[in-house]
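Below you'll find a set of structures to go through.
Here chain A shows up in two complexes: once beside chain B, once beside chain C.
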Partner chain A sequence: MAPITEKHTAAPRKRRSRQSLAPWLFLAPGFAMFLVYVIVPVFQSMWVSFFEWDGLSPKIWIGLGNYIELFDDEAFYTSLKNNVIWLALYMLAVPAGLMIALFLNQTVRGIRIYKSLFFFPFVISQVVVGLIFSWFYAPDFGLFYKLIEWVTGSQVAILADEHLVTYGIIVAGLWPQIAYCMILYLTGLNAVAPDQIEAARLDGAKGMKMLWYVVLPQLRPATFIALVVTVIGALRSFDLVSIMTSGGPYGSSRVLSYYMYEQALSEYGYRMGYGAAIAVVLFAIMMIFISGFIWKMWRDEQGAR
Partner chain B sequence: MFPRPIQGLSPTAQRAYKIALPVMLILWLLPLLGVAMTSVRPTSDLAAGNYFGWPSALAFDNYLTVFKNTALDKYLLNSFKVTIPTVIGAVGLSCLTGFALAIYKFRANHLLFFMFVAGNFVPFQILMVPVRDLTVSLGLYNSISGLALFHIAFQTGFCTLFMRNFIKGLPFDLIEVARVEGVTEWQIFRHVVMPLMRPAIAALSVLVFTFIWNDYFWAMVLTTGADTQPITAGLNSLNGQWIAAWNLVSAGSILAALPPVLMFFAMQRHFIAGLTLGAVK
Partner chain C sequence: MTITKSALLGLLMLGTALPAAAQQRTLTINSDASDPAPKAAIEELIADFEAANPDVNVVLNLFDHEGYKTAIRNFLTADSPDIANWYAGNRMAPFVKSNQFMDVSDVWAENGLNESLGSAASSMTIDGKQWGVPYTYYQWGIYYNKDVYKAAGVEVPKTWDEFVANCQTFQAAGIDCLTTGSKALWPVAGIFDYLDLRTNGYEFHQQLTSGEIPWTDDRVKAVFAEWAKVLPYTTSNHAALDWQDAATLLVQGKAANYVIGNFAVATFKDGGMTDDTLGFMPFPEITPGLPRAEEAPTDTMHIPAGAKNVADAKAFLAFIASADEQTKMNETLGQLPINKDSTVGDDPFLQAGFELLSTADGGIAQFFDRDASPEMAKVGMEGFQEFMVKPDRIDAILERLEKTRARAAR
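Now for the complex of A and B:
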């Protein structure tokens, strides 16, 4: 009997120690990569933002110098303002996506093909989307250009107009973003409880009332994801600005992400420190949202336990 | 079901819906249809000012011309060379990390998990200067492997979130039973969990493929020139060179869009499952 009891007491201990080491072995390669390429660089950027640095010669410590310069930088405020416009208008993708999802949520022949074709814009690279739209806006022959000329009688070159350019780019960005929100809502609508809808129908609810009081509360998870991806998408916008205008005309379509790139890594300059300072500001803005999301996920996580 | 099924409505309403569907679709995809049509438009049409009308002839040789006159073939090949290792690397690593975070209880579990999640939302610009420096000092600047290595690391964040949530949804009893049987942790991962992860791996692979194929920012930061740049960056320089040759730029754009689009159609169900599962469980 003795060996058996010994085995019984030894095995759990061995297993427990195995189990305390195992997660770290599984985590090590992925965690190391993530640490080196994502976590540490965030702090390195913050550090670099206190220096005047061209990327090659020795760094010169200037403390808050870069941030003080940002305060008086006209271009910085333009970028910041455009980021706010992006954020506000990008939100349209959420209701627009919901509308298209409601339109497509039927069971007729071929509806699945329709759904996937509506999703198309999201799968295509933003570079291609940017090219497509700049061609649509092109003066003299662009389709939008001609349309505006036909409707209003005046000629408007959207991407060359400093007051309209940001809106023109946002429209291009909304196209794939709406598609993204649409697919989230289509999946959400699939999961809406049919008996609740039926019960509400018996109570005489329909149309907007039904949508607002019965359907939307059930779509809350889809709405949450749609908001997250839309906020992040709006603040990360870089590709379209770069492709369609390179921040122009006269820097009027810059956003923080593009302005940072321009300062740190383009023919206009190699001001790594100043660029890093801009990136830190963008990061700080995004952190407000990111912490909000994480906070909500953490609460859900506690609830699940 | 909401809205009310169309079958319950009057025949006129049903007919109206069936007409509205294709009309809406054409309006929605108008930008894309325009490009597709231009990609087969003969150059003479552009010279004559026929930009949006019906092409006078179908010039499929635009596709040949764009291959012959530009480095498009190289750019496309580079995209595959960056994308495929990234998919394998990021999905592989996140199988491990996701397993660790989903199965084991240890103190830093939540902290690590949320670190992966938060890192995945960070703006690229805050990583740009240090990652570029690191790549230069590793001697990997302007190389396919330098770009792929960064992508693998960054995508591991999103992939870990995804895999962890997926594994969390698996029945934990399976693992308990295996442990009682004395199976090692690695064997549990390999022979119990991995086989159940197939749908997650498929979903994640298509998603990551699309993300990386469409990346533009890191291609601009970490590579220069046709020998290393992927198609997104290539298209941008193509656009600069051929500013008036819209038919050729369009042909290039269609080619650039094709692989993720084909991927999406081949694995549609996985793709959509991935999008919704990946974001939040």
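Now for the complex of A and C:
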């Protein structure tokens, strides 16, 4: 008798402690990596941003010197402005992805082929996307260049024009980003409850009304993820700028992440402290968005409970 | 026959290598010579060095050309090789000032390099000491399409005024007088360097690039005034073109002149030009009577401060400085040796370059991005490119360059 009751009382406690420990054990390696390679470097960068340092010689403490210089740096404002343009225009990927997803969410013969074709740009590397679009825009032989020349009679070298270059690069970036949003929405559309659609249809909802009041609310998780991914994608845009223009012509297509790389790491970049200061500013901007999203997520979860 | 010969040779080598293995020393070299010609040249050099020093085993680490520029900072501070290649002029200043390169003045003194490498001595000297050994350079100048000149009926100009006058003729024929591809920025720096060297001379140019003269100086403005004269005749989309794209324009006869380095000859010839259609001329005279200075970027070898095998590294530097090795290496590279006792390959453009550089009584500039500090280089070249697109912004551009100079010189 006695051993049995003992077993009964001991086992759940043991299991409970094991249950609470197991997730942490599984998390531990990832958490350690995250700590060493993400959290610690974030604070190291902040620390470095208070120094004048070429990466080779001893560091010189200059306090807020780098930040004061940033306020008086045209190139920094150009980068900041371009980041804002990126952020605003990149958002187009979300509705565009939704449209394509709605369009592709049909049961037609061979629809999977179309879906995979639309998804294709997300599969290829950003470097390749950048090269393809550079050729597309290239003077003398680019398809787009020829087309514009044929239609308007005038020549436009997009990547050489300070007013157009950022837009040209964003278009290249939108191509894979739309594909990404599309796939998020396609997955979301699979989860839309058919009975609700049916009920709405019986109530006479059609077209835009159906989309707005019935489908979109159910797609909220997908929209949320698409927004987060797109905001972060816009702010960390680097590879396309680097591949297509290297920030040129004369720095007019720079974004913050590229400017940071230029100052701290590139061929002529020996200013680790200044680069770190730019990184801190970019980090602060990202934090505003990310904490906003996290706050919203937390609030939604509270509401759901 | 050949099989037995090589087998014999192998046995012989084995015989000589075995006893030496007991005291075999290693010399590690990091290099960005990953393109075919430079790679062949450095491998040849290493084979020669190993033959001359059987007790040294050379280990060569090849890096991709662009990646090397960032990699060098890591390996200098973390895991130094015994030899690393780099560039002359101010480009080596960050490494010299942060004590990453070793002072090799003794190698220069012991081997009489001040004499034999005299033309590059000043660009290797910082604070009165030498910090590496140069082994190759090449001239810059104007490469032009002879057929286009013939078709337009103009003569090869001697002075800048004649050059500008020719431009009008070329424009009437629908040809870009001057072409360049400034997507990577550096090609425009060559144009600026020559305009400044011809307008103000070598001394001024060196003072300007080393940050001693403000960019708002009137003499600097004069350079841009000369430049403005040819801007209407310059390829308009240069900011979207790589330098090779501009070379294509010259090959196709859509452009007449191209300010570029001798390395472009291979590209021109790949495009179908021959010694009969491709011409080379020195940059024309602007201010009469100025001693002629030329532009010839120099590639160099250095001993990092953390080198483990310093004795053999110094022997290697002395080896690479010798007339014979420089002759042999540059034959493969298709460039010019620096040792004055070396001989030059019989390529007409190399011969012209050798003639040009050995008679440059004004001095030899490195290149804007090697003479100027790294910080200034980037901002400066961006300013040149902006000026070429928006010449009316010159005052704002010079203000910006001056701001960077003032801070960098601090």
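We take it that the second predicted complex is superposed on the first by the 266 of 305 C-alpha atoms of A that agree within 3 Å, B and C clash if a C-alpha of one lies under 4 Å from a C-alpha of the other, contacts with A are read in each partner's own complex, and residues count from 1 in each chain.
The criterion applied here is as follows: contacts are C-beta pairs under 8 Å (C-beta built on N, C-alpha and C of every residue); 3 or more make two chains touch, one makes a residue touch a chain.
All figures in this text were calculated on a predicted structure; none of them were measured in a lab.
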Which superposed partner A:L184 touches (first chain B, second chain C, both, neither): first
A:M33 touches, of chain B and chain C: first, second, both or neither? first
First, second, both or neither for A:I62, with chain B first and chain C second: neither
Touched partner set for A:L159, first chain B, second chain C, both or neither: second
Partner chain(s) touched by A:F118 [first = chain B, second = chain C, both, neither]: first
Which superposed partner A:G248 touches (first chain B, second chain C, both, neither): second
Touching partner for A:V171 - first (chain B), second (chain C), both, neither: neither
Which of chain B and chain C A:L265 touches, first, second, both or neither: both
Dominant toucher of chain A (residue count), chain B or chain C: B
Touching both chain C and chain B, counted on chain A across the two superposed complexes: 55, 265
Residue ranges of chain B touching chain A (in the complex, touch as defined): 1-7, 17-18, 20-21, 24-25, 28-32, 34-35, 38, 49, 51-52, 93-94, 96-97, 99-101, 103-104, 106, 109-110, 112, 114-119, 121-134, 149-150, 152-154, 156-157, 160, 179, 182, 184-186, 189, 210, 213-214, 216-217, 220-221, 232, 235-236, 239, 246, 249-250, 253, 256-257, 260-261, 264-265, 268, 272, 275-276, 279-280
Chain A residues within the chain C interface of the complex: 54-57, 69, 74, 137-140, 155, 157-160, 162, 245-246, 248-251, 262, 265-271
Chain A-touching residues of chain C, taken from the complex the two chains share: 66, 69-70, 73, 76-77, 94-95, 97-100, 182-185, 236-241, 245, 369, 374-375, 377-378, 382-383, 385-386, 389, 400, 407
Partner chain B, residues of chain A touching it in the complex: 11, 15, 18-20, 22-24, 26-27, 29-31, 33-34, 36-42, 44-45, 48, 55, 102-103, 105-108, 111, 114, 116-121, 123-129, 131-133, 135-136, 141-143, 146, 175, 180, 183-184, 187, 189, 192, 194, 197, 206, 210-211, 214-215, 221-222, 224-225, 228-229, 232, 235-236, 238-239, 242-243, 256-257, 260-261, 264-265, 272, 275-276, 278-280, 282-283, 286, 289-290, 293-294, 297-298, 300-301
